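Below: a set of structures, written as structure tokens.
Two complexes, one shared chain (chain A), two partners (chain B, chain C).
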Partner chain A sequence: MILETKTLGNILAATITQPEANLTNAEQFKHEMLTLINEGNLRIALNFAQVSYIDSSFLGAMVSSLKYALGKGGEIYLTDLKKDITELLRLIRMDKVFKVYDSINNVPAA
Partner chain B sequence: MAAATKKILLVDDNLFLLGTLALAFANDGFKVLKASSAEEALALLEHEKPEIILSDYEMPGMNGFAFRKQLLENTATKNIPFIFLTAYNDNTLVMKGLDELLAVDFIDKETPVPVIIAKMDNLLATVREKQALSLEELKRAAEAINIKSVPIKKPIVTGFNVEFWHLPYHGYPGGDFIDFIRVSNRYTCAVLGDVMGKKWTAWFFTFSFLSYIRAAVRFCVSSGEYDPAVILQKTNQVVCEDEALTDVLAGLSLILIDEQTGHVAYAGAGDLPLLYYNAAGKTLTPIKTCGLLLGLFNDASYDAASITLHKDDQILVFSDGIIEYTEGDKHTSDYALFKNNVYPLLQQNTGFAPIRDYLSQTITGASQADDCSIISIIKK
Partner chain C sequence: MPFIFKHSTDALLPFLQETAQHIKNNLPEGIGEIMMHKSKFVLTELCTNGIKHAGVPQSSFEITVDAGYLTILRKDNGVPFNLEPKQKEQQLLKSETRSDVTLAEDDINRLIMQRINNQTVCFFVEEVPALGKKANPTLVEHFGFIIICRSCSSFTYSRLPSGENVFSVSIPLT
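Right, the complex of A and B next:
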């Protein structure tokens, strides 16, 4: 498992436990995300506190998971991003695709 | 070419044997990962990818067979060659391991350590040879049907010097692509794309996208459309509506060069901002448009930026692999650092060569984290 999950109210907090989110764990990440969504978790906050690097394969897996969640009326939030990753997401406009928050505490309750 | 580091995972609850084997493999040039149980090995495999696994059969908790079953259920681990190291000589057990659990071999624990190492070395050499052959076959197939990820030579564009540099990740075809389309006597379209999700089959997706983009660009131009934002919009719709391309996403930069006016129109889809160097003012400025990745939303909108280039002005369009840096085992993406590094090279006003040389020297072998592609457009 590369996601550690914890339910906080109506949001599932999912922490990515890998320092590098890349080709080697992208497929596993997507599999775990789709499982969580299929289990009925429609509001997932992905915590990136432990992630220092992200490549395009992992970004692709994130976006695929988001499309899947949106199709089921769900939403995926990104939280606790390091500065470098925030900047990369901003450069390629992923900040317009995902809702980004400093921490899960800032994610709207509903 | 220097031999790549061999990485092996050893799994055994006998810590003395585990330590002995680890030392022997390390002395033979292997990078060794150790686990004293199947559970520990599974946890380790979440962030490590060995080339081969040598595992004990009888272990407390999860035994070797259950461990192997779990690996086979995971797409990330099922294809790693797996060898049982066991004290058992039960033929039924061996047949189950080889037939049902697709183990490559069984090795008796009584086998001398140098022989075990020689077996692993030979097995790895065979696996690598097979991978190299498969890669070669893919490349030959691509050449046979005359399609390529990047052009053979730089395009001729009157009044401009257009060049490119491309380094595929570990030699695998696919992922990034570059294309130049001569759309009329006046316009040339430069395309740089990155199909997300680098994997063995990305090669096929790359050419699907390239075909769509070429067709969309040519269709738009033939109907009098010269706005790259509209071209991107139409391409995105085609991609989104095609069920065969579900789950395929791509970043794309599209630059329409007007030979008559010196204007360059740029639109991007989830790409990195291009860099525009103004030679007279010696300024280097990122130019960003608002478009999202192709294949994401059917109704996504795209905008375009227009730049008028003067003598010696230069534009750099590049994929994310170009801004990735490696220090030890750690990777980072740093757009600002790349910008700072190329700025003095642009000030030399000596064309694309200094940038190509800089990239060739800094992006090599193990330091490369992704496909790397860049297009340079200089006004003469």
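Right, the complex of A and C next:
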């Protein structure tokens, strides 16, 4: 399992437990995300505190998960991003697509 | 001296650490963190591209700092990049003036390949302004070249007559 999950109110907090979020675990991540969404978790806060870098494959899996969630009326939040990952999202304008917060505590209540 | 990257995900993190140290040692004083981030993004994506697409066991990298730029070259003798994407090829051949081919496009970014000559192309990204507040924007799921383009001022690919593939990325020292 790549994701460790905990329910906090109406949000599912999902922590990515791998320091390297890359092509080796992108498909597994996507599978776990889609499973969580299919189980009815429509507000998922992904915690990146343990992730030291992400690559384009993992980003693709994140976007694929987001599209799936949006299609079901859900939302995915990104929290606890390291500075360079925040910079990467900004560079490719993904900060306009994902809702990014410092921590899950800042994710607004529905 | 070139850095050799074995096309394996296990080799990725050590390679990124080794090359980051090399870059840090060679950057002029005062060059900041963002520059290091950009070089890491580019190296990560060039390595990932090699693992996924080159079809050979390794690539060599040359990393130099000169004339206001950090330049990263990735070379291999593997599968060539497709310089003539299928559908777009027809448009390209019919047109006398247009040399741009859109490789990917969504509501955020447009990745374009521009032909420089018969063995070299360059890539760049245009921002698509119409994102607005769409609830369900169209989004591509392939970001490798987009990340590289957005991190640098010049990104080219050449297929040399010798059969060598050369990806070249220049990042301004800021």
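Couple of notes before you dig in:
Here is the rule we use: the second predicted complex is superposed on the first by the 110 of 110 C-alpha atoms of A that agree within 3 Å, B and C clash if a C-alpha of one lies under 4 Å from a C-alpha of the other, contacts with A are read in each partner's own complex, and residues count from 1 in each chain.
One rule holds for everything that comes next: a contact is a pair of C-beta atoms (placed from the backbone, for glycine too) under 8 Å apart; a residue touches a chain by one contact, two chains touch by 3 or more.
Quantities reported herein were computed from a predicted structural model and do not represent experimental measurements.
When both complexes are superposed on chain A, chain B and chain C occupy overlapping space and clash.
By the touch criterion stated above, A:71 is placed in contact with chain C alone, chain B being left untouched. Judged by the touch definition given at the top, the superposed model places A:103 against neither chain B nor chain C.
Once the two complexes are laid over each other on the shared chain, residue contacts for A:2 go to chain B alone; chain C is not touched. Ranking chain B and chain C by residues of chain A touched puts B first. Using the contact criterion defined above for the overlaid structures, shared-chain residue A:83 touches chain C, although it does not reach chain B.
In the superposition on chain A, contact of A:20 is made with both chain B and chain C. By the touch criterion stated above, A:55 is placed in contact with chain B and with chain C alike.
When the two structures are aligned on the shared chain, A:10 is found in touch with neither chain B nor chain C.
By the document's definition of touching, neither partner reaches A:35: not chain B, not chain C. Superposing the two complexes on chain A places one of the chain B stretches 148-156, 220-228 or 256-264 into chain C: stretch 148-156. Residue overlap on chain A between its contacts with chain B in one complex and with chain C in the other: 20, 22-24, 53, 55-57, 59-61, 63-64, 67, 84, 87-88, 91-94, 96-97. Partner chain A is touched in their complex by these residues of chain B: 46-47, 49, 74-76, 194, 196-199, 247, 249, 251, 270-273, 288, 290-293, 296, 320, 324, 330-336, 369-370. Within the complex formed with chain B, the chain A residues making contact are 1-2, 17-20, 22-28, 31, 52-57, 59-61, 63-64, 67, 84-85, 87-88, 91-94, 96-97. Residues of chain A touching chain C in their complex: 20, 22-24, 53, 55-57, 59-61, 63-64, 66-67, 70-71, 83-84, 87-88, 91-94, 96-97.
Chain C meets chain A in the complex at residues 9, 12-13, 16, 33-34, 37-38, 40-41, 44-45, 48, 51-52, 108-109, 127, 131, 135-137, 139-144, 146-147, 150-151.
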